[in-house]
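There are structures below to look over.
Paired with chain B in one complex and with chain C in the other, chain A is shared by the two complexes that follow.
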Partner chain A sequence: MDQEFSLTSELRDMRLVIATSGYVNNVGGGAISTEFGRHFDTGVREVVINLAQSKVVNSIGMSFLLEILEKLHEAGGKLIFTNLDPAVEKMLTIMGIFNLAGKAATVDEALKSF
Partner chain B sequence: MKTPAASPDTFVDRLSSRIESLQEGFRKLSRSAGLPDLAKRFAETVGETVPGAAVDIVHRSGDAGPWTPLVTSGSLSDGVLARTAGEKYTLPCTVRRENAYLIVVQKLADKSQLGIMMIPGDGGGEFSEADVVSLRLFVQYFDNAYQDLMFRRNEKGLVFSLNHRVLQLNSLIETGIEVAKLDHHDAPHHLAIVRAASLTNAARGVVTVSSGKEVREEYTFPVGTVVNRSSRDMNSIVARFSFLENTYRFELFDKESRSGATPFEETDHLLLDALARQVHASLENRYLHEQALEKQRIEQEMSVAASIQQKILPVGLPDIAGYDLWGTNIPSKSVGGDYYNCIPLYDGRFALIIADVAGKGVPAALLVSSLHAYLSAYLEGSFALTRLAARLNKVLYNDSTADKFITAFFALLTPENGDLECLSAGHNPAYILRNDRSLVELHAGGLPLGTIDMDLPYKSERATLQKGERLFLYTDGVTEAENESHVLYENEFPVTDFLARHVPDSSETFIDELLVDIRKFTRSAPQNDDITAMYLRRLAGPSQ
Partner chain C sequence: MAGAVTLKIELPKIPDIELVALEGLDRLAKHLEIPPEKVGEAKILIAEAIINGFEHGGNDNDRVDVEFTIDPKELVIFVRDYGKGFEPSDIENPDIAKKPGGRNKRGWGLKLMESMSDDFRIESGPAGTKITIKKLLS
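And then the complex of A and B:
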């Protein structure tokens, strides 16, 4: 099961790809939000969050993801989640995340779908 | 706004001309995403309605405390903060004039306060009454938009909270199903602590399995987390149960919120308890399942043992001229290792053998199989009965474990004259029933076969079966048959009495009557050992 949280990010043609590892909780959600905000302020509006190494998300972590989602939505941007563990995918579905966000099997697939 | 070159429009005309922009302003404010956004839109709208005016906006959470700037227009900010810091402006909303400025402090729906200061543009001059009314209207719009914003925020929070409850319920059910899976690779208590931490927003969790004071396992989530023991009492919840010799303790630490830590709620306790109970049920089910599998394995083994045994036991015994021979084997549910046979020898004699292996199941059946194989081999040649017993003892000793041995009774019959050579290898005595109804006990021999490899000698004894006389061989399944009160058949009905009282004209009838008598005694008590017996009757008539 999940370790302590960490993340990496990269920009691909003004598209932000964040890959997380570990428990997406207050700490993890906050770190994702900070990383997102840093790039959003520079005009990035298309974001991929790869949750392959995050098997557990709590509702505090999800609230951060929702905020990112709303911010992008208001700015006409788009967020796509990839590499979802079935349990995490079900959680995000129940929490209504996919009403606004997309999902894809892989990062490459997500990048092609923008 | 009044200017040195004032417009000839009347106040009403000027006010009317702004209605459209006020309506648009309201629509603009209503679409705000948050307080900073609302303030920004407000400043823009006022700026459009009162051209040239600059606006500063500040906000604070209550009647006192510092103001937070939301919109600043350069040099005005400090002035606004300075002017509004000292509770100078009374509530409710009043637009005040101070020098060239318009200043208003509005109490909002959540009791927080909004401070607004409007200053004329570079052209100077004073704000008109229409400007004052416009500002007042916009402040009301702001208040309405702020209420709408709070409503939307609360609504969003409620939806989120409701979804989270649905998620908790769903996860509780799914976790119950997952921990109940017998082939699940993860330990159920690991899965439960992870789910519990996630669903209660705990920062970390630990499940400890201990037996007495010995901690057998400690699993933390996130993996590798060092649990801060000193913070346990401050913000943690616990659920525990005991199963077999182990105690399972589930503990969650530091419930999270967006603003930091928050105390666990009653529903968190309920959820942790529910998950712990699911693990308890799962462990019980796994245990019972393993027990059932073990039972099934033993039954399969017994079936194999029974199959081996049935293949070894004779389908029928040979006809011996002048004799009536019958034998039977009633296997118990837990297969034992009884054996009987009558093997014709090369010299015209017959070897009657009855044996009982210590122990049950496949090992016992295999040892019987060995005995059968050795007998078949050795009985093909010339031998002395005592030497046969000694050789069997040696080879079976090599074939068996320390707790396995065989008791056996051998009787070599010379049919022509009824001569018997008998040997008991630790077996129950055999009996000859004389024609005068007296009994002769045959017990000479030695130790059971396979017990010890020290070349200890065996002794045999000789007897003669006269016409009409009978020989009875049996295993302890006969004498030790138990009734419901665990009383042995032998204690109530000694087999010697039965032998003396029952002298039918058929060996088969004798065996049948014996079995009926045993069943009558044991009634519904389960048969706990094989029942094996042989009965040889030397026929009385010369023509027989």
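And then the complex of A and C:
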């Protein structure tokens, strides 16, 4: 079970797509937050986080995503999660994250919904 | 199909050590021919319980004991730390509506364990905290 965290990111028409792999813990959450911040500072306000390759997350990692949501909310932006494992989706639902963020089956579907 | 199996682990306080328990769960589930999707929520429960144990264990207590017993119908998770304990009713129920703008965005562990499990019990005192979680798998 390789749970080493890594991420990739790309910009598509000023929309940031972050794809993670591995365990989203404090380190993973921090890395997502840093990558987001780098693009937020250049004016990016629409973000997709693809968790297809992250089957295990923890609440500390998710707390970093709340910071991202807060920044986007204040700036009139939007965050959409995609490719969620059912267990991760349930966790985010219990936390109420979908009151502030969207969810989509795929990255393409998310990009169309902005 | 095999019967119930139990795994006991004493985890030292090092980063991401909860992944050792998750690896153990994967192997037990495979042995019992339980599909991976059935244990997805259980993995989150185990990770949260262990993280909670280390957080409440304090700096002077550097281990958490984990035991889980699994059969094709259910998983019982037992996590014990040796910290000073805490009063569960003193823990504020997190509300995401209050988190944006607030400094503390953490504190979700107990709510997640309670909400995602089929039975959740916590005993805490000066000698430490014991968490018992039951998760149905069928």
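Convention: the second predicted complex is superposed on the first by the 112 of 114 C-alpha atoms of A that agree within 3 Å, B and C clash if a C-alpha of one lies under 4 Å from a C-alpha of the other, contacts with A are read in each partner's own complex, and residues count from 1 in each chain.
Note that in this section a residue touches a chain if its C-beta (ideal position, glycine included) is under 8 Å from a C-beta of that chain, and two chains touch if they have at least 3 such contacts.
These numbers come from a predicted model, not from an experiment.
Engineer: With the two structures laid over each other on chain A, which partner does A:His73 touch: chain B (first), chain C (second), both, or neither?
Structural biologist: Touch status of A:His73: second partner only.
Engineer: Output check: A:Lys90 vs chain B and chain C. Expected answer is one of first, second, both, neither. What do you get?
Structural biologist: Both partners, chain B and chain C.
Engineer: For A:Asn25, is the partner it touches chain B (first), chain C (second), both, or none of the two (neither)?
Structural biologist: both
Engineer: Scan A:Val56 for contacts with chain B and chain C and give back first, second, both or neither.
Structural biologist: both
Engineer: Which chain A residues come up in both lists, the one for chain B and the one for chain C?
Structural biologist: In chain A, residues 1, 3, 23, 25, 27, 56-60, 63, 66, 70, 87, 90-91, 94-96 are touched by chain B and also by chain C.
Engineer: Would you mind writing out the residues of chain C in touch with chain A in their complex?
Structural biologist: These residues of chain C touch chain A: 15-16, 18-19, 22-23, 26, 37, 40-41, 43-44, 47-48, 51, 94-97, 99-101, 105-106, 108-109, 111-112, 115-116.
Engineer: Using the touch rule from the top, collect the residues of chain B that touch chain A in their complex.
Structural biologist: These residues of chain B touch chain A: 33, 159-160, 163-164, 166-167, 170-171, 174, 190, 194, 197-199, 201-203, 221-225, 256-258, 260.
Engineer: For chain A, which residues are in contact with chain B within the complex?
Structural biologist: By the definition above, chain A touches chain B via 1-5, 22-23, 25-27, 56-60, 63, 66, 70, 74, 87, 90-91, 94-96.
Engineer: Once bound in the complex, which stretches of chain A touch chain C?
Structural biologist: 1, 3, 23, 25, 27, 55-60, 62-64, 66-67, 69-70, 73, 85-88, 90-91, 94-97, 99-100
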